[in-house]
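Written out below as structure tokens is the structure these notes cover.
Residue numbering begins at 1 within each chain, and the chains themselves are lettered A, B, C, D and E in the order written.
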Amino acid sequence: MQDFEPNVVVFCCRWCSYAAADLAGTSRMTANPQFVVIRTMCSGRIDPEFILDAFAKGADGVLVTGCHPGDCHYVNGNYKTRRRMLLLEEVLEQFGIDRKRLRCEWISASEGGKFVKTIDEFIGTIKKLGPIDGIK
Amino acid sequence: MGKPKFAFYWCASCGGCEEAVIDLNEKILDLTAAVDIVFWPVALDFKYADVRSMGKGEIDVSFINGAIRSSEQREMAELLSKKSKTVIAFGSCAHLGGIPGLANFWRRKDIFERVYESVPTVKNPEHILPKMESKVDGYKLNLPEFYDTVSALDQVIPVDYYLPGCPPAPELITDAIDAILKNKLPKKGSVLAPDKALCDTCPLADSKPDKLSIKEIKRPHEIKLDPEKCFLAQGVICLGPVTRSGCGECCINANMPCRGCMGPTKAAIDQGAKGISFIASILGVEDEENTSDEDVRDLIKQIVDPAGTFYRFSLPYSLLKRKR
Amino acid sequence: MKVLYYPGCTLKTSAKNFEDSAVASLKVLGVDLVELERWNCCGTVYSLASDDLMHKVAPIRNLIRVKEQSNGDDRVVTLCSMCYNTLKQANEFFKEDEESRDKINNFMDREIDYNGDVEVLHLLTLLKEEIGFDNIGKKVKNKLSNLKVASYYGCLLLRPQNSAIDNAENPTILEDLFTSLGIDTVDFPYKNECCGSYNTVNAVDLVVERTYKIINSARSFGANIIATSCPLCQFNLDRRQKDVKDKYYDFEEMPVVYFTQIMGRAFNVKRKSLGFDLNYIDPVPLLQENF
Amino acid sequence: MAELVDKISELSGQNLDACYQCGKCSGGCPSVAQMDMLPNQVIRLLQIGLPELALQCNTIWICASCYMCTVRCPRGIDLSKIMEALRQVNLRENLDYMKIKEIKEEDIFILPQIALVANFRKQTA
Amino acid sequence: MKQRIGVFVCHCGINIASTVQIERVVEAIKEYPGVVHAEDYEYMCSDPGQGMIRARIKEKNLTGVVVAACSPTLHELTFRNVTALSGLNPYRCEMANIREHCSWIHKDVDKATKKAIKIIKTIVEKVKLNEELTPLSVPITKRALVIGGGIAGIQSALDIANAGYQVILVEKSSSIGGHMAQLSETFPTLDCSQCILTPKMVEVAQHKNIKLYNYAEIDDVSGYVGNFKVKIRLKASYVDWSKCVGCGLCIEKCPTKVASEFEQGLAPRKAIYVPFPQAVPNKPVIDREHCRYFKTGKCRVCEKVCDLDAIKFDEEDDFVEEEVGAIVVATGYEVYGVQNIGEYGAGRYKDVVDGLQFERLLSASGPTNGEIRRPSDGQIPRRVAFVSCVGSRDPELHKPYCSKVCCMYLAKHAMLYKHRVPDGQPIIFYIDIRSDGKGYEEFVQRAQEEDHVTYIRGKVSKIYEDNGELVLLSADTLAGMPIELRCDLVVLGMAICPSSGVDELTKKLKIQTDANGFLTEAHPKLRPVESLTPGIFIAGCAHAPKDIPDTVAQASAASSKVLEMFGQKELSHDPMVAWVDEDLCSGCGVCISLCPYDARELEIKEGKRIATVKEILCEGCGSCIAGCPAGACQQRNLDDKQVIRMVETVLSRG
């Protein structure tokens, strides 16, 4: 398990968490590299299909990030995300996928530190959980 | 050229699809007149050996219903695949895995344990479970392997067309047979049903409010359903928006919401995921800014068995296919 | 109500009057302090060096005793501010530092594993949050109208942040208690400043200066008695007044008591339980002679 | 001496460079009058790499961990821990600050246990 | 179409190249399906870099471009323009962020290199499916809204109005002027604040292009750049301003006195009041919370004395709607409360005042007519301590930032105090003196040399009252000595915070704030007066603490941005909007309930319900797309297929 390098997909809203990730870079913070960011206009664009697809293709974890409640650039996109992700969590559990493998976090453009902390924490959690099983 | 040769076979399913063929009523006579049925175990006395003795591609069209759950079904599916020019996955189970596919929420050992040991009416002190090989009075007996995972037909053999529905509606079947006879089948891989979702043809579509919003989720038995009103507007989960039309709206006409047997629409990949997304989208959380995750979760918890609800017919066909 | 109680060394000896007055006053409020069996030294001062896990064993062991004896009500009440602070800080450390927690748990291999889930309470918090100052007011038998109490908090009830029972700069919990007992209080700026603590052993002069300043400040704001909750503060502010007087000829003495002694007197608890003989400057004249 | 500073930083768990020398710790320290060096100056010595001077002052022993500076520090530095770290560096060299013989005879019988134990814990190896 | 993608990898000097092995990246990407060209350069955004991209697009007949460099937030537009110059549709160009998201945030060279390769492949996959798009054009309403009537709002409104466009100015209190109207004299010139401000206030009131809504608040904002709809709440003043001539009789006769906000609580005002004598407009309002009639049902004295029948007790809040094309937010600041500072008495001591209160004590029109008298007993303080950085530069307990103006105004306060009380002793406690404006350092030197203000370097640790005096416990960190100072009055240089209520306003405007509640600019250096939301600009202390010259400069900058917009015929709108495959849409209507902009509508087409997209209203958030149960709705250049291909690429091993 020492060598397990998780494969993590991070969805970022371009207004907040993507900018937070930029800020983390600009501030030369250091984060675990086992993730790649996919940029969407809003966390509300994130279809549960994308997440299930990621898990089906071997993602060990998926991190969905958006603006803080009340701060959505598109009024209320993040609330829709929250509802979708909370329901998806229940379904994942039924599929035997630990709900900790999907995390939803609100990170504003000013929270570079939180972005890094969230990434490191999440990848740490995933490392503890171990690799997700391949599809048989 | 002689009459085209048809075969029908029944894998893991309830048998309703076979009934659906019979349900063609008098049209079945036209069918038998137009084609030669060379294999149909449920209705006519053929043996596996008859199929084995056929040449490659000798059957024109095989209609296979049911999911693949055992080695015997797999063997027969593979055999028919070899002997047929065209294979049609017939009905939800062959198309998506169907109701038998829900077994993928468990493991084989859990299923055996449940069925042969822990059901209250079962007494099995010696823990006898089905085995592929056993000896009785010195004779060796073989049973097919019961797979750990149920598959949709196209996960086992190549499938040319899909006739969806639980069971497929008679109109879809006759249209398909017409197309075969007239050589007007669409491009391979097609689902032989309309591309739009059920709302397109739903008789209750006019009663749908401008903006859908569900404040409390109800199950059909918990309220008196108004037969004139969109079920979603009544707070009852209806999978019409995520389900292909063409079924004839029988459930809606019987005052029951759509449960999704026709499978996802053309552009959707995973019916369950789409179900999750759209139900969550229209959950009416009031004053959402001041609502905690817990409160939202409470509302969501009103959905009993969400995975079962959204993947009722399509679990083996879904992205995740089964429980880990 | 029964609640587990951790006394600590000094409450069995030179601050016996603190324990006795607390037990007797709480009885009036229907609270039974059940002494923890097999308690050991709390460690007295919380060890602040990051690699010093050894000195966290003592406080944690006491909390393990609480787990063993608590029957599910995992909390313990302390009277002594220093014990409170040491137990509380050790407990907070245990909650946060998972790695050190595992180390200490492994080290104490004969003990059950502990994860910081005991609640460490100071008696004042219990009085405020569970008994309620209103209810305490209802039990008053003696109106102690002579008193002008200056509440002296010292350090360890208020700092550091993770173990504070009240606002670090402007605490009021003691004043609120006395107000509910119908006693006049005075506010003074030195109420949250250190008395010199254990420097009293080898730097008496420092403590003398602190005591001089603290008592004079309390007096200048109109106090005639000081109440505290720490046996070390009590010693420094009370007993060291003798040394202050040796240095400053014009210094006027002022009695320094435990808040439980005043509460007990207000409830008309038997004089014997209040142990005024252990106080260096006699508070009895102020507390109305005839009892 | 960088190693010693690192050690103090590690023992205290504090980032010494976070201090911007505002002096709020010194202004509020109840015992500052008895100290031969202001608490902020002790940190300054560590910042400029003169830890041996910091180890010699009496400030670190006078500090009784009352945490007044800790709760007021605008930069969130826990000075009590830095003082403890400096004491520990000395004590781990077996340098006792407290000499038991120096306790006044009259005090031996009246000092509460809590004072003695606390003092020994902080000032003896 | 066979894709011919070109990938251009930037070194960004050593910013990328020191952590990501560029050569390895180029080698790996060259081989990737669909990529026909990969090349690196030190500075891709430089002229030669751009030229290289332009040349290769033509030479290699590229159908798509991926620039692997910094964040698209920074240079997406740059490279899309480059692409367009070569005749390739700009939306066929994407950036792969291998700087902020890779080289800067990771240290392990091998891992960062592998990750950079993966990021680029992911974007290549996206570009493969990108459509050619053309921006949509949107008409502009050439009127501006300015929120806040302090000096920033006043300046901004005047600039835009003088350029010939209409301005709606909304101010929440009954007079414009803001905090600047409260100030006595201003550093470093010591000119009278009101003398320079009041003419501008009058100009606003009289300007034919400015419509002033005082005593009003923004209730709702909808629409988008060029076409905002703003609902403004006109708070009930209970005075009919069209009848009132401002004679002031009602104020004189009103029996109720409450603490005046304008005087920072140092003097009373009446329940019917104008905030200060030079108020613009100079019309009174009734403070409902304190008015005796509203509280007890009896009084109505003001009504009785008003010959013009201007008092209207039954008035209710009114609403107006305005259409504007641009918005300037200039909501200003407020002072962090002394009650937050426990160690300084948490507001219990009357003679511990904040900087604005001291301004009023200095002001010739203030409660003491400019004589320095302390609030508790009216005595002239003989020794005054000024404390800087109170609540500022204190990340642990209060505000982490420097409030910027305190160093200067405390120097000014000390100086003016010394001028009024020549034998008084002003002492400033400071940590660092920040005097980096024109003439500022000279000003501080004057305070020290000519007015003999004592500067003590040390932060005050505690303040308490003792026997009518204030005792400050501090240290002189330069002398290395503890200090216990007794004085008569303490002036705290409190931190500056965003105005309360800004939080709600930013939600209505959909603009961002930073961790401290100040408005976030689009780019800290290159777009300092724009918010991230197109068409909304920021000015003054709402953005960050700043002094008057900086505020005025920023206000004018915001105006010029507005004018830049108004100079165009129409605006272009991002074409990455939602669209519907009508062959797949069943008209279920889920999207309608999801759109926050009412851009989705159900239409009947050939007897069928079809959900459509009003492209101009669509902001491209995509929540209708994720919610579309049939997959019939997609986003231009970010459709489901693209995301799924990207996810797949992220997850591919090796």
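We adopt the following convention: a residue touches a chain if its C-beta (ideal position, glycine included) is under 8 Å from a C-beta of that chain, and two chains touch if they have at least 3 such contacts.
All values reported here derive from a predicted model rather than from experimental measurement.
Enquirer: For the chains other than chain E, what are the connected groups under the touch definition?
Expert: Taking chain E away leaves these connected sets: A, B | C, D.
Enquirer: So which chains count as neighbours of both chain A and chain D?
Expert: Touches both chain A and chain D: E.
Enquirer: Tell me which of A-B and A-E has more C-beta pairs in contact.
Expert: A-E
Enquirer: Of the other chains, whose C-alpha centre is the longest way from the centre of chain C?
Expert: B
Enquirer: Can you name the chain whose C-alpha mean lies closest to the mean of all the C-alpha atoms?
Expert: Checking distances from each chain centre to the full centroid gives A.
Enquirer: Between chain A and chain E, what is the separation of their C-alpha centroids in Å?
Expert: One centre to the other, that is 29 Å.
Enquirer: Centre to centre, by mean C-alpha position, how many angstrom separate chain D and chain E?
Expert: Centre separation, chain D to chain E: 45 Å.
Enquirer: Using mean CA coordinates as chain centres, what's the chain B-chain E distance in Å?
Expert: 56
Enquirer: Taking each chain's centre as the mean of its CA atoms, how far is chain C from chain E in angstrom?
Expert: 49
Enquirer: Scan chain E for residues touching two or more other chains and write them down.
Expert: 343, 462, 594, 623, 626-627, 640, 644
Enquirer: Where in chain D do residues touch two or more of the other chains?
Expert: 33
Enquirer: What are the residues of chain B that contact at least two other chains?
Expert: Within chain B, the residues that touch at least two other chains are 268-269, 274, 277, 281.
Enquirer: Per the touch rule above, enumerate the chain pairs that touch, sorted by label.
Expert: Pairs of chains that touch one another: A-B, A-E, B-E, C-D, C-E, D-E.
Enquirer: Help me check something: in the complex, which residues belonging to chain B touch chain E?
Expert: The contact residues of chain B facing chain E are 195-200, 205, 208, 210-213, 240-242, 245, 264-269, 274-275, 277-278, 281-282.
Enquirer: What residues of chain E sit close enough to touch chain D in their complex?
Expert: 343, 389, 393-398, 431, 457-462, 473-477, 480-483
Enquirer: Could you list, by residue number, the parts of chain C that touch chain E in their complex?
Expert: 167-170, 189, 217, 220
Enquirer: Contact residues on chain A for chain B in the complex?
Expert: Residues 47-49, 51-53, 55-56, 69-70, 76, 79-80, 82-84, 86-88, 90-91, 94-97, 132-133, 135-136.
Enquirer: Spell out the residues on chain D that touch chain C in their complex, using ranges where they run on.
Expert: 10-13, 30-31, 33-34, 62, 64-68, 70-71, 78, 80-81, 84-85, 88, 98-99, 102-104, 107, 110-119, 121-123
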